[in-house]
Amino acid sequence: MNYTAKAIADFLQGELVGNPDIVVSDVSKIEEGRAGTLAFLANPKYEKYLYSTKASVVLINKNLSINGNINPTIIRVEDAYKAFASLLELYVRSLPRKSGIEQPSFIHSTAIVGSDCYIGAFAYIGENVSIGDNVKIYPHVCIGDGVKINSNTVLYSGVKIYQNCILGSNCIIHASTVIGSDGFGFVHAENREFKKIPQLGNVIIEDDVEIGSNVSIDRATMGSTLIGKGTKIDNLVQIAHNVEIGHNTVIISQAGIAGSTKVGKNCVIAAQVGIVGHIKIGDNVIIGAQSGVSHNINENQVCLGSPATDALTQKKAMILYKKLPEMYKKIGEFERYIKDHAKE
Amino acid sequence: MNYTAKAIADFLQGELVGNPDIVVSDVSKIEEGRAGTLAFLANPKYEKYLYSTKASVVLINKNLSINGNINPTIIRVEDAYKAFASLLELYVRSLPRKSGIEQPSFIHSTAIVGSDCYIGAFAYIGENVSIGDNVKIYPHVCIGDGVKINSNTVLYSGVKIYQNCILGSNCIIHASTVIGSDGFGFVHAENREFKKIPQLGNVIIEDDVEIGSNVSIDRATMGSTLIGKGTKIDNLVQIAHNVEIGHNTVIISQAGIAGSTKVGKNCVIAAQVGIVGHIKIGDNVIIGAQSGVSHNINENQVCLGSPATDALTQKKAMILYKKLPEMYKKIGEFERYIKDHAKE
Amino acid sequence: MNYTAKAIADFLQGELVGNPDIVVSDVSKIEEGRAGTLAFLANPKYEKYLYSTKASVVLINKNLSINGNINPTIIRVEDAYKAFASLLELYVRSLPRKSGIEQPSFIHSTAIVGSDCYIGAFAYIGENVSIGDNVKIYPHVCIGDGVKINSNTVLYSGVKIYQNCILGSNCIIHASTVIGSDGFGFVHAENREFKKIPQLGNVIIEDDVEIGSNVSIDRATMGSTLIGKGTKIDNLVQIAHNVEIGHNTVIISQAGIAGSTKVGKNCVIAAQVGIVGHIKIGDNVIIGAQSGVSHNINENQVCLGSPATDALTQKKAMILYKKLPEMYKKIGEFERYIKDHAKE
């Protein structure tokens, strides 16, 4: 990676201020900027670093006014963060990509593998599996019988996909994530023992989904557990059997969703949230970190707390929670007041 | 799978109402029922679907009274859900099962493997391992030295079992679960550095235990971490060193139990619960989701909250928590009242 | 392992009381002591077991006064727990260690492997990887291109390390842990869809770090996610991109730290804690279990609760929380009192 400031400005159709010929070969954070690197400034909190950074080129928002002396060459763009992301993406695309089939790997004779795929050593591809073009399967991935994986999807090392699950195109699944393990379904038999309910469904992951590492997504008892198009799931998340998630929803690390719950599109479920089974979360809902949700939530709500209520009520209660000792003391005072006046 | 309604009714010893010759080839949920499928109705909330479902055959509870026109053939049984589960189990048993030893796999020359086992490609079986009959070991399972696994147990892809652990019969362990990793034991050395306490014990899993995916169960420092017969553990659960769990207890997703705690039999530990170390939870205890338990709990208690108390107290407090703003306002009013009356 | 009480006392420079020739061949917990084993007594809560244990030799603290008849030979040392840990460590070092390169394994032709390493079957070592001396790599470990691992580090089965990460010396990483997966970084594109921010940084793990099983540590967007020297991380922990952890900090099971947060040295982050992104936790901070931290914390603080405040305030509020029904009732009484007196 060796680009002049001018080449970058041209690519981004941005406005260049400073030396157009300066060359960058790497990227850096503005607060840790080094000579020869490209940085960006999007968050106004970081503006002070613009005046001290050693980065050679900095992308900034079009409307930012500069109030001091600066060293780097500046490129003004509509949205500095998005422009930076575009450049990173361009860079990543220029990197060499894994390809070919490494040995030893296990590909069942009935499996169909598309063109331009990478299959790492020790990958296992079961019976009647179908894999699209340009799929990247890293070492130690296990793809169960009857699984279908569409084109351009990447499965990192150690991903485990149980039988008959379906993955869309352009998905990314990170290491050690498990898709299609049995749902947690039991009935009581005699003597308080449990009897397993066979889990005969599957998991369907639509296109453009990214799933972090060490995630567990259980297969449906019947039918499908469904992850909608464009949804992004962070590390260590639990998705139980028959859950359905809409499009472009975000589920952050260590959250868990119990069986048969339906989550709408464009939702944000923050870290360590728990959602009970058999409920419905509407579209565009935001659920704050560590909340516990035990009932349906209508669309466009912002919720917080355990049990979760609307965020405003919850925030007020959270503040007053800390005032409980003060409240308790005052109640004691009133009690004494009433007792004293009753004596009179 | 192609069964007539009559064959199913005969097998279940149920009472058939409708066409005995109609054939089903798959199962479905009653609310999504399709022609040619078998469904069940157990939860009264779903009764309305009985009158609209397209399922060909529906299992219902003996005592359900039908109040309308229905299309499907009905089979009345004692418990529709259990009957359905039995049929699913029968169906699953009829499916072809994995068998044989795939190559390449690694089986140490000192390991003993029973009859009718499946050993997937890339499975690793260490020194002096002993594996019973009819055990299924999927690809990428790693079985450490000296491990003993009893008959009919299934280890899905990527399960890791450290040295000297013991697994019972009829267990199911889902993908990427780790059994026998070192307990988290350190003592302070000089300079605030830590010194590791070697973890020399093991994990013992008794018969009929099912464990979900991405679970961590640590080995004991000395002695054994113990999972009792018939206990069911969901995904992403943490069981620390020297924990002991009784028979037929259920531990739901993302719960964690700290070191040396003993949990009784027939307990339910709901999702995202945390339990501190070195305490005792009695038999038949139910702990609500997201609770934090920091003290012993006697048998037959129902607990909730963080810190956990009895569920009734906790539920009252949870309701009033939301009324804190109202309470705070009223306290202000009393304060003004007293001030006003003091002036007089 | 066959040692006389005298040999153990000499090694520990402890004071022996009882039979110096008695032999131990195993260790046990004092409450479960068996003949022929060595136990220790450090926690005064367990003193009663000293008078009933069947262990042959017991280590006790120098200053403990014995108030009854005891069977075992006693060895008095400065700190019984540390002395016991030293013996365990000595014992563990005496055990046979894995060595050699098992087949089949995959070692890229450009990879450099030090002396006395163990490389288990089905381990994968990518392009330009550099591995120091005496490193132990168990089966199914995947080491991505350009990774550097320093001497004496142990990677248990199924550990996955993405490209370009760096691990120090004397580290232990437990099974199925993932280091270097992509940070969770997206920007909104059109139509509420997300666009991935490429994650170009890496993870640096310094010397003497131990990490439990099923942990996820994401790579930095740019720069490095950093785990400081001597830090210990328990199972199922989430460390997001660009997080930096100081030296000798402890992070207990199922805790999660969001992106770009900096945690100081000598901290204790208890189980199931959540910490938001972009904040700073000072040195020597203790955060109680299940807390939710949403703001900077100064050094030496003890915090608790969700949202977390100082532990003292939180504990008072937690006690009064249970008294909310009583408080609410009293507020009702005052209300009636005021109404009654207003009538007069």
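First chain written, first letter: the chains are A, B and C, and each begins at residue 1.
Please note the rule applied: a residue touches a chain if its C-beta (ideal position, glycine included) is under 8 Å from a C-beta of that chain, and two chains touch if they have at least 3 such contacts.
What you see is a predicted model; the values in this text were computed from it and never measured.
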item: Homomeric contact chain A-chain C: same or different residue positions, threshold half; value: different
item: Degree value of the rotation bringing chain B onto chain C, based on Cα positions, nearest 5; value: 120
item: Separation of chain A from chain C, taking each centre as the mean of its C-alpha atoms, in whole Å; value: 25
item: Interface hub residues of chain C, defined as touching at least two other chains; value: 104, 122, 140, 158, 176, 214, 236, 254, 272, 306, 321, 327, 331, 334
item: Chain A-facing residues of chain B, complex; value: 27-29, 32, 81-82, 85, 88-89, 91-92, 102, 104, 120-122, 138-140, 156-158, 172, 174-176, 208, 210, 212-214, 230, 232, 234-236, 248, 250, 252-254, 265-266, 271-272, 289-290, 306, 318, 321-322, 324-325, 327-328, 331, 334-335, 338
item: Of all residues in chain B, those that touch chain C in their complex; value: 104, 106, 122, 124, 140, 142, 144, 158, 160, 162, 176, 178, 181-182, 184, 186-187, 192-198, 200, 214-216, 218, 222-223, 236, 238, 240, 254, 256, 258, 272, 274, 276, 292, 294, 306-307, 309, 313-314, 316-317, 320-321, 323, 327, 330-331, 333-334, 337
